[in-house]
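Please go over the structures that come below.
Two complexes come next, and they have one chain in common, subunit A, joined by subunit B in the first and subunit C in the second.
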Partner chain A sequence: MIRDRLRDVSGQIIAVAVALLLGAIIILLVGESPVRVLMTLLRGAFGDQEKIAGTLLQTTPILICGIAACIGLRGGMFNVGIEGQLFLGGFAAAWVGFAFPLPPGIHMLAALALAVAAGAAWVAIPAYFRARYNTNEVVSTILSNYVAVLLTSYFTIFLFKRPGGWSETPPILATAYLPEIFAFSRLNWGLAIGLVLALGAALIFRYTSWGYGVTMVGSAPKFAEYGGVNVKRQGFVVLLLSGAVGGLAGGVETLGVHHRFMEGFAPGFGFDGLIAALLANGSPVATIFTALFFGALRSGSLLLEVDTSASREIITVIQALIILSVSAQVLVRRRGDSQAGERRWKF
Partner chain B sequence: MVSNAGSPTLHMKAEMAVALTGITKRFGAFVANDGIDLAVRRGEIHAIIGENGAGKTTLMNILFGLLQPDEGSIRLNGEETVVTGPAVAIKAGLGMVHQHFKLVPSLSVADNVFLGMEIRRHGLIDHAAQIARTRELSKRFGLQVDPTERVGLLSVGIEQRIEILKVLVRGARTIILDEPTAVLTPQESRELFQTLRSFVAEGMTVIFISHHLEEVMEVSDTVTVLRNGKKVATRPTAELSKDELVRMMVGREVSFDRRPRAPSRGEVVLQVEELWARDDRRLPALRNVSFTVRSGEVVGIAGVAGNGQTELAEVLSGLRPASHGIARLKGRNLAALSPREIRRAGLAHVPGDRMVRGVDRNASIAANMLMGRQHRAPWSSCGVLNWTVISQNASRLIKDFDIRAQGPGDAVKRLSGGNIQKVVLAREFTNDADFLLIDQPTRGVDIGAQEAIHDEIMRQRAAGRAILLISVQLDELAALADRILVMFNGRIMGEVAGDGADEDRIGMMMAGVAAPELAAEPA
Partner chain C sequence: MEILDKLVNVALIAATLRTTAPILLVALGGSFTTKAGIFNIGLEGQMLAGAFFAVIGSIWTGSALLGVACGVAAALAFALVFAVLVVSFRANEVVVGLALNILAGGMTISLMKAIFGTRGSIVGHGIVGLPKVQLPGARELLGSWAPLISGFTPIVYVAFIAVPLLVLFYNRTRLGLYIRVVGEKPEAAEALGISITRVRYIASLLCGLLAGLAGAHLSLGYITMFTENMSSGRGFMAVAILIFSNGDPLKVLAGCLLFGFADAFSLRLQTFGYPSYLVLTVPYVVALTALFALSYRARPKIIAETLASMQRLLSTDKNTGPDGKHPS
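Let's turn to the complex of A and B:
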């Protein structure tokens, strides 16, 4: 069992290593030293306590989105719409934050609750079509992203624009803020929410009858059906939960960092979360570390353009390489398994 | 006349469209083809018959270059050929019509037929010529299609004609059809047979894979029977009776001891009345099936695989809806219950496709043994699993059922086929269910484990369970069942007593001869 796990992990490590190696070659090709880029990245991500806090700040939404993805993957559902759920959740939280004066604490919880509801409601459409007509949720959730992002743009620009300002809503009231942890950083308790979610999800999947059923639907759907698990309903519920957590990620980002909703406020966190979850092979606990990895890449890259001649986009390139090598590895493994007739994730 | 062991003369070789010698193909430990010799004369319809999993499709895929044999050689038109891929086979005049069609639904019939080898004029596709050529071929061989129609709008039967046309325009002289009638209505099947005869009339050769006896008897000149990856025999069809064919297909060697059975008839546990159901292709798979199973008896379902047994098991376990009729488990209508409720009402199910339905190969033994009871004490309370109990329970079952594994944490995929089946049996037999639905309990299981599994089934019978035992192995049914129902083409052809079962009678019914006709015949 331990050897199995080691072999699984070794696959992920090889995937990342291959991506980093290719990244290093590309850095060489643009005439920069890979070692210097790496050192700058590390310094930018972990150089001092403020930089570490900055990394954790970037990690938080990736982690929560990653948990959203993990929940889907566990039940065999590929929620690629987390980005859209994040945007709608972010807007919903901001709306409660600036439009409804409520007592402190309650205000924050109400805003987060609406963010959760918005995320779940948004994924309910693809989830319904999946359960009812067996439409591929990958396609429908991807497409729903564009609608969600543009919908929130419409809200901010035409309905709730702050007079005279950028494309953003009025600021939320202080009663709805997620409190910051340290005085020197915007890092807030959203990180704790992410960690609790990760551990909670891991425990639920491992130690509840429901989680067992979901896991079986994800890994052997026909077996689960045979054993009396309602595969369709479970898929629907899992997508809904995944969307709810995606919405929560948006709420946390709004209430903890920006304190308003801005057009294009959190680009790519949903997709980064999905990749983090894939790299973690669907394990919520492992997602904590992969999310930290992607958070560090993001925050480290801020220093990259200051200190080296490499562009920040090199980080995007490396991320893309990781996606490629991870999915190649996932596909190879699935192919080996598919001889038994079962595919775990549908690409 | 018929292929035999003697060394063929040069003249005879040239007469052979296809000659396979000693073909062996292994997938891991599983031997799909085991030293198969096959000789197909030019200008004959040669049927290859055998049960599902007998190795028919594997053999044809090797012939067509889709698989490479581990051993053996292939001669096409008398010439030794290494068929490295379909391109080589097509060049040698072979064509294959697969079970699953590969057509482009948005294109017209003619465009599909010529896909990849379009007729060109000034560098553009000459649609008129393609349509004319398609029409000519379809007329010549009685393959009625409209070349201009869009494929997406057509029925499966017509799609198959298009696949045949595709093979013809590629110059095939030997045509392989893999289970061509599986998707056809009886009327379409008859038309297909006409077409096959017109091929032979033009000197072409047809290799025809099937597991349906009747059509093999009707259309073929020569039959080769495969069983468990080995060739049983090649014989002229005219010399064979259906009964002999069945015997060759399912085998006869009685390797099991008959268990002593005291008659015991308890109350009715399962009652099936006039049950109809459709298969995945929406064709009728169960036709008016009625029977009962009482507590303390084993009712066997015999039949060549693919005659509705799978669908029957799926309907009884709630995995497939019945289109008509009623099945009651202890008086409760199964149609009104979900699979989970049926289990709670008293079903335990050992599924036929155990690797897909019976286990999650990647999960541990303990997690596999939990399925179906994860909501019940002592395995869980208030929705929280108790892994200590689950693990202890799994350890006990591993011991009780003599499963060869290191422990409950072992992944199921590490176990042998027989031990995986024991994991399924251990889980299902300890559910305190009144009705056991057991589908192919010993398929792919070694002899030692077979004995143990049979003992366990008889113990369950003694404990008063009602057992429905579906098996393609006659000897297994004769060893265990109190009564045997014989299925053919979705119907129950008749019933025989398990004790001293008349195997000839069963064989005839498996071939589709109804019980009353048998009774009328002198013995």
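Let's turn to the complex of A and C:
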């Protein structure tokens, strides 16, 4: 058991190392020194207490999106639409924040609740068709991302534009702010929300029969069905929950960091979360660490653009390489027992 | 009525054909992998890499044709990595496809910054676009309808000619039959002595070829520039089309014309002052609606088709010799 776990972790670390090596080669091709890029990344991520807080700030949305992805992956669902749910959740929270004056505390909770509802509502149609007619959820959720981003831009620019502002809504009222933890950083209690979610999800998967059912549907749907799990309804609920958490990530980002909704306010956090969850193999607790890793990369990349000639997208390349090398290792082993030619995501 | 006349005319149909071409090419490419039983969500990235390296090749060599070749080569490289991981290592195809898409996005932006020192887009720098082909006699024959068949870049013609060729390929060639057998009934393919691995590699690479052409058309034909993430979901729309067409070339064509029209129509609406953000959602909403509306009917059909093809296979079994040659 422990040996298996160790082998899993070591496989993951080897995969990351291979990816970093490939990344170094690409950085060389781009005409930068890999060592300099690495040092800059480290300095940008952990250089001083503000930098560390900045890393944690970037980690927060990745972590919450990662939990959203974990819930889906556990149940055998690829929610690739977290990005869209994040945008709608972010907008919904901002809307409550600037349009409805409410008492402190209640205001924030109401805004977060609407963010959750918006995320769940946005994934409801793909989830329904996935559960009822087995419509491929990967494609439907990806395509709905584009609609979500354009739709929130439309809301922001045509319906709720701040007078005199540029593609942003009016600022939300201070009563809806997620309180900050330190005076020197915008780091806020959203991080705590993420950690609680991660631990909560881990406990639910581990100790409740519902969580066990979800894991069973994800890994052996036939078995789960014989065991009396309503696979279709559960698939629907899993995607809905995943979307709800995705929406929450958006709400936390607007209420905690930007205090308004802006066009392109959180680019790529949804995908980063999915990658973090994949690297963590769908385990919420492991996602805390992978999200921290990607948060540090993101935070470090801000300095990268200033101090070196490399672009910050080089970290996206490294992330993709990590997933590719992990997929060649761990996911293979997991699927090693399947029949030749049998594929799970076949349509 | 007057507005309708302004919106729907020869120019719109010609624009539809132009916007259909890239998505048609990439969807036809995906039809190879779909038929071979691979779910290829990586089309988007292959197309994006094709578009970027077509522009790079065009600048380096000063030739549009060599630019297209570079774009195709890049897409083939992506397709090869996809095939190695998915077919040989049997990694999860969704994960690999998504990762390759992310890789293509990050790589093109990083390389753009490294080579041109800019973000956003590559314009000018001596990019050579593809020439427009004026068919001789089109104007005399069709008059004002001539723009429907003449004046497109070569890749547009390639895209539409590829449709009947693919129909023939799947129905009349041995490789086409092998690809279908491998996708629909891998056990049967194995029993017939067909190498599943080799067929799936070939299908992936053929897919990369067409996806690369589609990308090159985006950056050298459709317009002569490269912008960040310029494939903007066309690869994903192609996958949606592939799901409800099951990779059949004629149905793919029908689906792509629908999206091409939605694309062209939304561009047209923008010039009439409708809010661009809402108008831009039209192609995606059309794709989603079609996916949901048709998926509910598609499933029993897929099973029926599989059964039919099994029967065909069993009957060809009796008619073929040990070398598996098809009598037709």
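Everything below uses one rule, namely that the second predicted complex is superposed on the first by the 332 of 347 C-alpha atoms of A that agree within 3 Å, B and C clash if a C-alpha of one lies under 4 Å from a C-alpha of the other, contacts with A are read in each partner's own complex, and residues count from 1 in each chain.
Assume a residue touches a chain if its C-beta (ideal position, glycine included) is under 8 Å from a C-beta of that chain, and two chains touch if they have at least 3 such contacts.
Predicted, not measured: the structure shown is a model, and the values here were computed from it.
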Answer with first, second, both or neither: which of subunit B and subunit C does A:Val285 touch in the superposed model?
neither
Kindly classify A:Ala113 by the partners it touches after superposition: subunit B alone (first), subunit C alone (second), both, or neither?
neither
When both complexes are superposed, which of subunit B and subunit C contacts more residues belonging to subunit A?
C
May I ask you to decide whether A:Gly228 touches subunit B, subunit C, both, or neither, giving the answer as first, second, both or neither?
first
Please indicate which partner A:Leu199 is in contact with in the superposed arrangement: first for subunit B, second for subunit C, both, or neither.
neither
Contact-wise, after the overlay, does A:Trp210 reach subunit B, subunit C, both or neither (first, second, both, neither)?
first
Which partner chains sit in contact with A:Phe271 here, subunit B, subunit C, both or neither? Use first/second/both/neither.
second
One more residue to check, A:Ala220. First (subunit B), second (subunit C), both or neither?
first
By the touch definition above, which subunit A residues appear in both interfaces, subunit B in one complex and subunit C in the other?
340-342
Quick check on the complex: what are the subunit A residues that touch subunit B?
1, 4, 206-210, 212-213, 216, 219-220, 222-230, 337, 339-342
Touching subunit A in the complex, subunit C uses residues 37-39, 41, 81, 85, 89-96, 98-100, 102-103, 105-107, 109-114, 119, 182, 186-187, 189-190, 196, 232-233, 236-237, 239-240, 243, 275, 277-278, 280-281, 284-285, 287-288, 291-292, 295-296, 299, 302
Residues of subunit A that touch subunit C when the two form their complex:
26, 30-31, 78, 80, 125, 129, 132-136, 138-140, 142-144, 146-147, 150-151, 153-154, 157-158, 271, 274-275, 278, 309-311, 313-317, 319-321, 323-324, 327-328, 331-332, 335-336, 338, 340-347
Residue set of subunit B touching subunit A in the complex reads 27, 317, 319, 338-344, 349, 351, 355-364, 367, 370-372, 374-375, 380, 383-385, 387, 409-411, 413
